[in-house]
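Each structure below appears as structure tokens.
Next, two complexes with chain A in common: one pairs it with chain B, the other with chain C.
Right after this comes the complex of A and B.
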């Protein structure tokens, strides 16, 4: 056995716990997860059905943690995990799964299949079977501090642009601020309007905030590729900065997996509870709304719909907040079919967008989003994840759909009363 | 071996062996799963694990609308044969007498013609499920030998029970003996195959609901 394969197998073993064992013990091969997965429904390829993607992890569980599997192993009858299997599974696990978790909502025996696939990635990555695009992004995150290679000077340049445009001061490294804002590289490079929107809203709401020059990157490639050690290093940067600046709350920006990484996986990765709160920007904005700190002028009457980013809604629990906020500035909010916790993924989360090999398939499975949109024919789409946003723009263009796409935070800022 | 000896064996030693393997097997499988344990979640909770877990154990029995539409056959046929199995196994008067003998108490039965009809409906549903499994792309892809073995061992007690009740083809003692034997086969393989889902789905649903519930989502 090669050293890397052994590492992969050990990583898979480490992932097995009682929930994994309960899940695999319960699967009856009913096939319903396939119907819940856009990578199956839009391609018709049965190998892309969710539970099949966790096969490497299932084999390890069976061979190592069940009586029958262990007996079978002695006689060479239990299926093995080898490099051939892992290389075959690479495109299934990384290119054909966004970890959106819709399968986990429909499995009749209750298997959290997305969790099984997320865990399978830990073994795949350790064994050297991760896509080049994600490996590159992960390396840049560790060495440069951002998956897109965005360094501090780039952020500072964007900040000074925003300051010039708005005449407002963007606080950097302000000790004792209540909120510390994280940003995704995508926002820094493509959507600096987001920083502007935050500045306006927080100013109106009278809330003190800051950006840390030492930990401004919100995304966490370690989570996407499935390397817990790296994910931990990236989370620790944020923890150190938040403690140094003595902030009360760290804000995860409009990015799905960043929220998953810092809010739900973060404390478990670093091994201790945080001394500060972590909130998604939509949660903060909704708190402001409840406290009457947001004054809105005028309402839109165009048909606006909301695309639920999977890691924020279904996997993250931020479902009502965006709706409360949209209703502040919209008279004509329409839900897509299956909206909320059962929403369909855009098709590019979970590292798929960082993986060039998956470009074709992510656009193909966008057909599902198109079908959803065709049913309600909205005038505009609002969302709260830059990754969804980039991919939705790609998809809309690919399918010749002319629907404007907006960030919820930015749209809210535009509607603030003077 | 005469047919009476055969019947006595399946009712006596055979039944005891099967029940012991079943119970021991289930205990071993429970231990295999639960002793692995699970790390405590250190993230600040937004909802309750216990509440979410208990809720999902119940709610996962009812599919959401869009899933019902997409997986209609699997859900409807699955429901029919599960209910049929439940009624024929647990609500048939002679079976209740057996349970009373084994565990000391019984419960009301449903009229025999109802059980009879349920057995037929279940057999039809299971046959349809087999055809579906062999024809559907996804199911053909994921089906293993175990799935077919389990299917056979599930339908056999229904068929042999139906035959025994209606005395089809053989003498009554032989039919009954064969029926009991098929049940014993089912009991023996139960803990070591996907049949275990009958128990482990409670854990699986609980974990799923707990993971979501902790994050404030109803799953």
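Right after this comes the complex of A and C.
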């Protein structure tokens, strides 16, 4: 079976629920979401106003679930959803939205606009209007196990490098461990130091942990492309592995959407509560700090700022923890304007970075991040999302800015007291 | 008018002849012959100018225009009315200059005031119309029944026929009182006579609406003065009322307004608030939606006006004031009995909501039933 408009429309019909109806009914067309979206502020293009991106879903809601829309439909007066509309909207829904959720924060009537766009993606993907890059990543996630095509042998190779460098044993498939660590492909391939940092910190903190050889991938392309059926398959792998290893807590690594996918969408996708807890790595580290299990030596005096990854800070509520942790090793922490829950997205989340077609626009909208950084001129940026990190590096290079980027977990590990 | 009454023994033809000789005199000459001093005449001009919000520079102009005006012929027609408007005009300011001005216009026909009766009366009207065709002023009070002409006739002529016939040669029409201007009380629901206003019937003549039940006398004379001074009709609002008198709401000029602004209201007619002279809004005052000069010009030679006497404004100078849902209901209260409507509406809406909800649920369920799992092989067309 292949994608079709009919399937897309059916998917959109399925997505309409009481929240969708309430949100569309309460929209007062004030346009405040426009100024909250970096894809609008940096391009000035009104079609990129957040609520407009959910237009295909709005049309289905109106035509199928409202009285006026139904009557209008009989006389051909209600706007339709067709392939032309969906192909026009493809770049708006996928290339010009990172699902960062800043629009949902400013909406005066409380509409979760990011949710509406996320739901719109369900129809777009089922109708065959997802970008090629995301389709590729999704296929690799399901068939190979990772969107970047990372297979277990590649992970094992990185693990043996780390073991060689540190002389520590990296636990794999250890049954009964307290924590099961997930990793993003980005970390496995580009930042294996993350695994090393975790090993050191957990060793000092005296916590037992493991990596599962069956479900080590944290990212979830099904969420990004907008296919709940696929997202469910990917979440189920983690659930199965966690249950098999009988761990108490699954740790989502430094990756934004992975955290949202497993913690917030996960139980809804598999349709039952998890038998284990899900925490972000920063939450675990801050727990260690509170319990006095983290000993730090030496403080840095360079100006350090923290880039809040949208899905971790704004959508995840993990805002105080990174600041508590940074203050352990820094004397000179500075906040960007709009830091915390209203931070501006890097511009490449929500599947934008997997979509080559969006390369130009994601670098264009990086101007917003540049403006934020220009105001405080930090010596270094710390963040907790590998995807943010890769894109921030791209953006800094594009705009000829020379600011080093650091992972919070890795930096913390470097400052561990011996 | 006193002249006329003293001339009871004269025939209609003689009366018209007498009028003709008087028409040759200017208004100024007439006033002086009546013993009105120039000083009191100028006082009247100054008062009129200030009433009509004109600059003091206009006073000599008004005086000059009035002194030299030839007394215009005025025909006054009364239809479905209570004569209150005439009472207001003739009795309230019995001895003022205004009433003398009225003496000095040539009131050639007026049911209530004229001496002549029957055929003689109608003849006087016809002669006045003929002599001054195209120049006379037509004043109308009362509404016109359109349902059955027999509801109101004069000398066997229906109100409608008389109005249309007399209006033809008029220079302008002044509709006096709410009945003539907007249908008034005869027009009130269920309007048994099919009463309509002058403006509903006549479209090709300038009409000045001077509503009120009755209108303030000084407003009637003010409008006449304006017509005599400038030979034109004053600036009118969207429902044909002179803006100088009807430009502001009673509420905006009410001396109790500060209490409204402070939220101090009389709740009943004998409570503390009523005794202290607080705002009558909650007792049904229509001041906020009523445009008239009562709060500034006042009644009975500037003595008082309803609100000052402790009674809420009933909004008599506004169209359909009789159907406003009760004089003692606050403006913010709905005019109709809404409880039943609200119950039926709510029940209907709830039923429709349940039905629509069921339809939507079944639609969503069928969409879910039509769902086939999307796999990675289904992502491309």
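Simple rule for what comes next: the second predicted complex is superposed on the first by the 415 of 418 C-alpha atoms of A that agree within 3 Å, B and C clash if a C-alpha of one lies under 4 Å from a C-alpha of the other, contacts with A are read in each partner's own complex, and residues count from 1 in each chain.
Assume contacts are C-beta pairs under 8 Å (C-beta built on N, C-alpha and C of every residue); 3 or more make two chains touch, one makes a residue touch a chain.
These figures come from a predicted structure and were not determined experimentally.
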Superposed partners chain B and chain C on chain A - clash or fit: clash
Which of chain B and chain C A:385 touches, first, second, both or neither: neither
Touching partner for A:65 - first (chain B), second (chain C), both, neither: both
Touched partner set for A:126, first chain B, second chain C, both or neither: second
Contacts of A:264 with chain B and chain C, given as first, second, both or neither: first
Between chain B and chain C, more extensive residue contact with chain A: B
Partner chain in contact with A:10 - chain B first, chain C second, else both or neither: second
Which superposed partner A:28 touches (first chain B, second chain C, both, neither): first
Partner chain in contact with A:2 - chain B first, chain C second, else both or neither: second
Stretch of chain B penetrating chain C in the combined three-chain arrangement, among 97-105, 115-123 or 205-213: 97-105
Common interface positions of chain A, toward chain B and toward chain C: 16-17, 65, 67
Touching residues (chain side chain B, partner chain A) in the complex: 28-29, 32-39, 41-44, 46-47, 56-57, 60-61, 63-64, 66-67, 70-71, 74-75, 78, 136-144, 147, 192, 194, 196-197, 200-201, 203-209, 211-212, 215-219
Complex interface listing, chain A residues touching chain C: 1-4, 7, 10-11, 13-14, 16-17, 64-65, 67, 125-126, 128, 130, 135, 138-139, 142-143, 225, 227, 229-230
Chain C to chain A touching residues, read off their complex: 352, 356, 360, 363-364, 367-368, 370-381
Residues on chain A engaged by chain B in the complex (per definition of touch): 16-23, 25-32, 34-36, 40-41, 44, 46-47, 49, 51-52, 65-68, 104-112, 115, 263-268, 271-274, 277-278, 313-317, 319, 337-338, 341-342
